[in-house]
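A, B, C and D label the chains in the order they appear, each numbered from 1.
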Amino acid sequence: MKDTNHVELIARSPFLSWLGLEILVSEPDLVEARASWRPEWVANRQFGQTQGGILAALIDFAADFALYHSLGRLVPTIDMRVDYHRMAVKGDLYVIGKVVKQGRQFSVCEASVFDESKKLLASGRGSYYTAPME
Amino acid sequence: MKDTNHVELIARSPFLSWLGLEILVSEPDLVEARASWRPEWVANRQFGQTQGGILAALIDFAADFALYHSLGRLVPTIDMRVDYHRMAVKGDLYVIGKVVKQGRQFSVCEASVFDESKKLLASGRGSYYTAPME
Amino acid sequence: MKDTNHVELIARSPFLSWLGLEILVSEPDLVEARASWRPEWVANRQFGQTQGGILAALIDFAADFALYHSLGRLVPTIDMRVDYHRMAVKGDLYVIGKVVKQGRQFSVCEASVFDESKKLLASGRGSYYTAPME
Amino acid sequence: MKDTNHVELIARSPFLSWLGLEILVSEPDLVEARASWRPEWVANRQFGQTQGGILAALIDFAADFALYHSLGRLVPTIDMRVDYHRMAVKGDLYVIGKVVKQGRQFSVCEASVFDESKKLLASGRGSYYTAPME
């Protein structure tokens, strides 16, 4: 899905643009996106692996974006947890975000990051502040 | 402290270099570092705030680096938690990492991110895999 | 399923017995169990709600037990996260545990706690130390 | 400190009473408490260690109670993280809770559990919902 709204949302964000994010699927309580590998992601030239901070950023983005279909905006992250499962080698990354529980004041979402061969690299969850804006 | 060793460690890492990291203090179980603001950190042009993923990356780096004085290497992150306390506006960031408990197989460290006026922006902790390399 | 092995596992543990745990389903990477409400679970006589620590204990148990089918033993918890979604009122609790990623050194599992009407009360995940015992 | 207020707070809670909690110190942003060992805490008769869920409950209690001096009430836990550092053997437990950042809508606190010889057994942090009650 190339929703103009999503393209603009990412274009407005220098960081999300830098991650090369493209929304592939956006449904109620679900998002799938791809991030385009760039050389600055590399943690250590010797191994070429992608830094964990990039995976954390993708998990936070997708968990937050899972609420976008319902809320129409990205919301503040209260806190998040990330588990690292496998070393991420050079290549684009795919991230899937889902809503665990949408509440009035705050909501919990989860997300998983995969490599191009669909291997699970990292997963996590976050609490988001979803109270209506004053 | 401008330890050549630390400068080289960061120079070997495209991502840590991109964060503009400079180690200010490295003592047993403690590290202080500064990261140089760059325009790609901005989450949303309208507000200019730094993306949470950058703060998460700094917390992971400093928590991991708190073990560097003792281990002589950065170690794999098992998992981490980040709490966001205040919106991070444009500017360099400071991060302090400390060892909570160093174990044989895994260790727990914590870190806090501050702005230039020493306001606490985010804090967190991570589990690190510190078993000797085979 | 009333597997003698599971009944004995719980009987050996004063705490799991105190929680009144009964294993309902145990499959590879999955467990379902019920815990029998007891008056000591109440956080505050005024509201009668079950203390969050009980839900945390159930999440840790079910996340750990999700590995039992594969490992044949309960393993040490490295760390865990619990999200509280709804106040738990008086009544038995149901918990479902699943393996997120089983690794050689450590594994990540998740679990959710439900009330008798299948409402989600809490959910979370933990890292478990699954290296072979020396 | 044997503050009548604290004694009543614990007496009103069957679970906190069951934990045998006694508040030793309660200052702004800080609490120290002791929990009295009981045989139901044992995870496994063979080793006699205290179940992780008990340590999690103590961390949640002390992190929450660190706000009590300021707020005059215990508040809902949004989520929490617990790291396990050492096996807890038979004996009373001590827990120290501190405020990391008190906010208007939610606040972050941390806590550590020690054994009778002051060895660190577990530590963690939680997010608490501190908005004024409607």
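Heads up, the rule we're going with is that a residue touches a chain if its C-beta (ideal position, glycine included) is under 8 Å from a C-beta of that chain, and two chains touch if they have at least 3 such contacts.
None of the values given here were measured: they were computed from a predicted structure.
In a homomeric contact, the two copies may use the same or different surfaces; for chain B and chain C, over half of the interface residue numbers are shared, pointing to the same surface. Summarising the inter-chain layout, the chain whose CA centre lies farthest from the centre of chain B is C.
In terms of their C-alpha centroids, the spacing between chain A and chain C amounts to 28 Å. Centre-to-centre, using mean CA coordinates, chain A is 33 Å away from chain D. Inter-chain centre distance (chain A to chain B, centres taken as mean C-alpha positions): 20 Å.
Among the residues of chain D, those touching two or more other chains are numbered 78-79, 81, 83, 108, 127.
Those residues of chain B that touch chain A in the complex are listed here as 12-16, 18, 39-46, 51-54, 56-58, 60-61, 74, 76-84, 87, 124. Contact residues of chain D toward chain A in the complex are 78-79, 81, 105-106, 108, 127, 129, 131. Residues of chain A touching chain C in their complex: 81, 83, 85, 100-101, 103, 108, 120, 123, 125, 127.
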